[in-house]
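Letters A, B, C and D mark the chains in the order given here, with residues in each chain numbered from 1 onward.
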Amino acid sequence: MTNDELKAYLLDKFPSAEITLGTQYVQMIVASADLHQTATLLKDAKETSFDYLICLSGVDYPEYMEVVYHLESVSLRHVMVLKVRTSDRANPAIDTVSDIWITAKYHEREVYDLLGVHFNNHTDLRRLFLEDGWGFPLRKDYVDEIRIVER
Amino acid sequence: MSEIKEIMFNSDRLATDEYLVNMGPQHPSTHGVLRMLVKLEGEKVLNIQPHIGYIHSGIEKMCEAISYPQIIHLTDRMDYLSAHMNNEAVALCVENALQVEVPERVKYIRTIMDELARLASHQLWWCVMGMDLGALTTFFYGLRDREMILDIFEETCGARLTVNYNLPGGVMFDIHPNFQKRVKDFITYFRKKLPEYDQLLTGNVIFRERTEGIGHLSLADAIAYGVTGPSGRASGFSNDLRKHQPYSAYPLVKFNEILDHRCDTLARYEVRMKEMHESLSIIEQLIDNIPEGDYAVKMKSVIKLPEGEFYQRVETARGEFGVYIVSDGKKNPYRVKFRSPGFSNLFALNNMAKGHKIADLVAIMSTLDLVIPDIDR
Amino acid sequence: MGFNFYDFTALTHNIHVGLVEGFSPFMATTLEWVIVGTAYLLFVALFGLLLVYAERKVCAAFQQRLGPMRVGYWGLLQTIADFIKLLMKELIMPRKADRFLYNLAPFIVIIASFLAIAVIPFAPGLQSLDFDIGLFYLTSVSSVGVIGILLAGWSSNNKYSLIGAMRSGAQILSYELSVSLSLLTMIVFAGSMQFSTIVEGQRDGWYLFTGHIPSLVAFIVFLIAGTAETNRGPFDLAEAESELTAGFHTEYSGIKFAFFFLAEYINLFIISAVAATVFLGGWMPLHFGHLEAFNHAMDVIPPLVWFFLKVFGVIFIIMWFKWTFPRLRVDQILTLEWKYLLPINLINILLMAFIVLTKFHF
Amino acid sequence: MKSFIEYIVSIFKGLWTLLIGMKVTGKYFFTPWKNVTQQYPENREKLVMFERFRGEVIMLHNENNEHSCNGCGICEINCPNGSIEIISKSILTADGKKKRIIDQHIYHLGMCTLCNLCVKACPSGALAMGQNFEHAVWDRSLLTKVLNQEGSTIAENVKEE
């Protein structure tokens, strides 16, 4: 599907989501409660069949925490960006998608490690790179007076 | 102690015959500081838990404090074997965001350099693969031939490994006058050496016994784990971004995406061996036709990306490398995320090596072609 | 006391007679032991160092390198420098290692090699033990070393060491069979287990040539099995570097590690010496049936030189194996032994018996 | 019977592939003049690095001990690792005006990643990449260097800041 077709399809299927056409990919923002259901539909529906999770990244915005999923369909070769936001910046928690795309299990651990986003129902949510009790370095309010040298 | 507890509670309890072995962080075949907690029964591998982060360098955090041209030199240090492709990913991402069209000459140079870097990476992989399987001599033959590519890099880019050759809008220098001759010499030389590689390892009965049918990774698993690059293509996962989302001069050249459906260690080996031939033919198509022109477009001295999000995917020697830049309009990015191929590939290891012997685990890890700084970032 | 470089029988006899006449029988025997022991010790130490140097140079040449070049002319003193370094290194022991067995293991390994070397005939008269079950003694003694390896692996209290030792145990026990059976083939042919008789029997032609196909097959099998016996690549599973870091000697350092290292090279020498003696005529010069002129020309070269030429030839082939082939997996090693070498060997013995019975050989 | 023949054939095929492998290594063993080893400290005289090789950042001085750095600090801004520090001083020029010129161009080799961005950015071409690669020292502080030579002055034709 081209980006426009995909956008039309998604608008039709997910009326509650916020869907825009970015410079590169179709972008869909869903509520954190709908995430798991939406992701399942996106993977299972024949028209979309997003079976390959390219990249899962967390972004810390001033007002909210965002997790971004870059999805691709191997058979149909279209790409979209799925986003979910949570306004609770102190203890963000969203549902895991690791049961849908296995690779998310490890990407989510990375996001948890570096940004402190808690993924509900994740089977093995431990820190990946850092020690326990380190803090969440990719958050904008992270301070480390010893290791970070400001110029 | 906590580690043992963890295994006890997370997977099944250890049976009487089972035991745990830490492979790494200091182990000859992990090629870096990767630690794997391996549950064994005799020689049989029951479960593998990779532990990473020993050389986590916080590149993503560092990127938030520096400007876009400066980010590029940090990407050298992630997957140092495909340094040029990583550079190119950031450069392309910035160019796309600014809607800058680079000259044709730059595209050609970048593509040739890409393929040279891929060749060098695959050569190193080949010699290390041989070494992991116990054939130590392959290591020296591979490095001997790789030296020629590194010399080409050194002459044109000024560095052998961490080339830092790309800039947003072009490349750092024009190609060296000797470049084309050297590359052509290398192609004729390496075409002669590749059959030797096959004689030494590919055809060898011990090698085939060691690799055939080992480390099966089904197509569905390859997609689910996001195993890209040659490792994924050996499972039939068509993911060559040079074909599917062509960038630079890739739309202009004819080449095949190497796919294999045998899914085992030998398939992953052969995909890489065939890719070396493809890379040679890509370079051959381009090397004589490099158009005249500038080697870079003039960019502003301070590059500011428009507000928004930009994603660029390139195919490195290990698989899909992605750069995700969130910009808030300043000269520093708001957030940079690198999708590194090794990260996703590593975690398929458990799926592949379960039930095989320790020696197979080493062979499988070797065909995944892991670079640890790429995983840890 | 004349010195004859072609035949040492007179020399050793004179020494023996001199000792018996000059001392009491007890003292004479003791002194003889001391002399022989010192000679072997010196030989082993020097030859071990030489072999290590040779291996490094040969390996370098296979890999288009130069090898050690810095210490001495073309690095000749490199192994001596390494040995001094090993002597001066601290001996480290894991805290929970079994103290007694841990310290005992290297000695068992090296003693086994020493015992085996006693029956090797270097030249006429240069052999300390020459009795009628020489080959039998050699095969049995050389397999004692595996006990040392097993002890080393077990007592180190390290899982890598243990895996290495277990692999080594399984491997040496199986390949012992092939070594013995291929030697048995040649015993059938030679009609004796005594080394001197075997060498003497090759006066008119080496067994490799006179024994038709069966002796060639036995030679190849012996080379493969012998490589496996010495734990060398492609059968170096016990110390597989990329899998087990260093296998059974992971936890050894300094002089104890040097013992393992030395034992490996002595074993390499023993296997090559046995191959040279049983298949290639030992110290016997190259003779072809009735070419008298050629045979005389060959006789000019002293037997000791012949012996070492052959030994180095076999050692070179074994090194060539190591620096070319990938390592086998543990189950493949057993498959190779039980599914390939053993049946081939058994058929080979039958063939050999048939040839001997029909007097089909040269 | 068929499987028996296959068994025999597999033995010979296997041996044949092993021999082919030995042929390759053997070929190199018996052609030792093709060795690729370079004896490094001995060949130091003949060792020429490529002209673009990035060994360290240097400041170019001409025969009159003049450099062309006007101390603008663009290299300092462009350096990703903070390995360049510029200390400038004020002097009185001949016509009595106050002028800021470079006092010390401090370069921390130990922090430098040799990315070439400073050389690329320098507007007056004062910096270059040197080819020296033998940087090993016993004391880390020796890696901090002052690039403008003692007593050097700014060349005449360089654009003022």
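Criterion: contacts are C-beta pairs under 8 Å (C-beta built on N, C-alpha and C of every residue); 3 or more make two chains touch, one makes a residue touch a chain.
Model, not experiment: these values are computed from the prediction.
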What's the overlap between the neighbours of subunit A and those of subunit B? none
Between B-D and C-D, the pair with more C-beta contacts: B-D
Going by C-alpha centroids, which chain is farthest from subunit D? Tell me that one. C
With chain centres taken as the means of their Cα atoms, state the distance from subunit C to subunit D in Å. 51
Could you give the separation in Å between the centres of subunit A and subunit D, each centre being the mean of its C-alpha atoms? 41
Taking each chain's centre as the mean of its CA atoms, how far is subunit A from subunit C in angstrom? 64
Expressed in whole Å, how far the mean CA point of subunit B lies from that of subunit D is 25
If you look at subunit C, which of its residues touch at least two other chains? 62-65, 323-325
Going by the touch rule set out above, which residues of subunit A reach two or more other chains? 151
Specify, in ascending order, the residues of subunit D that touch 2 or more different other chains. 18, 21, 24-25, 36
Based on which chains are in contact, what kind of graph results: line, ring, star, complete or other? other
Each pair of chains that touches is included here, namely A-B, B-C, B-D, C-D
Which of the residues in subunit D end up touching subunit B in this complex? 13-14, 17-18, 20-21, 23-25, 36, 50, 52-54, 78, 80, 113-117, 120-121, 129
Could you please specify the touching residues of subunit B with respect to subunit A in the complex? 10, 52-53, 56, 58, 60-61, 65, 96-97, 221, 223-226, 237-239, 244, 308-311, 313, 320, 322, 324, 326, 334-335, 337, 339, 343-344, 347, 376
Going by the contact rule set out above, which residues of subunit C touch subunit D in the complex? 58, 60-66, 69, 320-321, 323-325, 340, 344
Touching residues (chain side subunit B, partner subunit D) in the complex: 66, 69-70, 73-74, 77, 137, 144, 147, 151, 154-159, 162, 164, 167, 172-173, 176, 196, 199-201, 203-206, 301
Residue ranges of subunit D in contact with subunit C within the complex: 11, 18, 21-22, 24-26, 28-29, 32, 34-37, 39
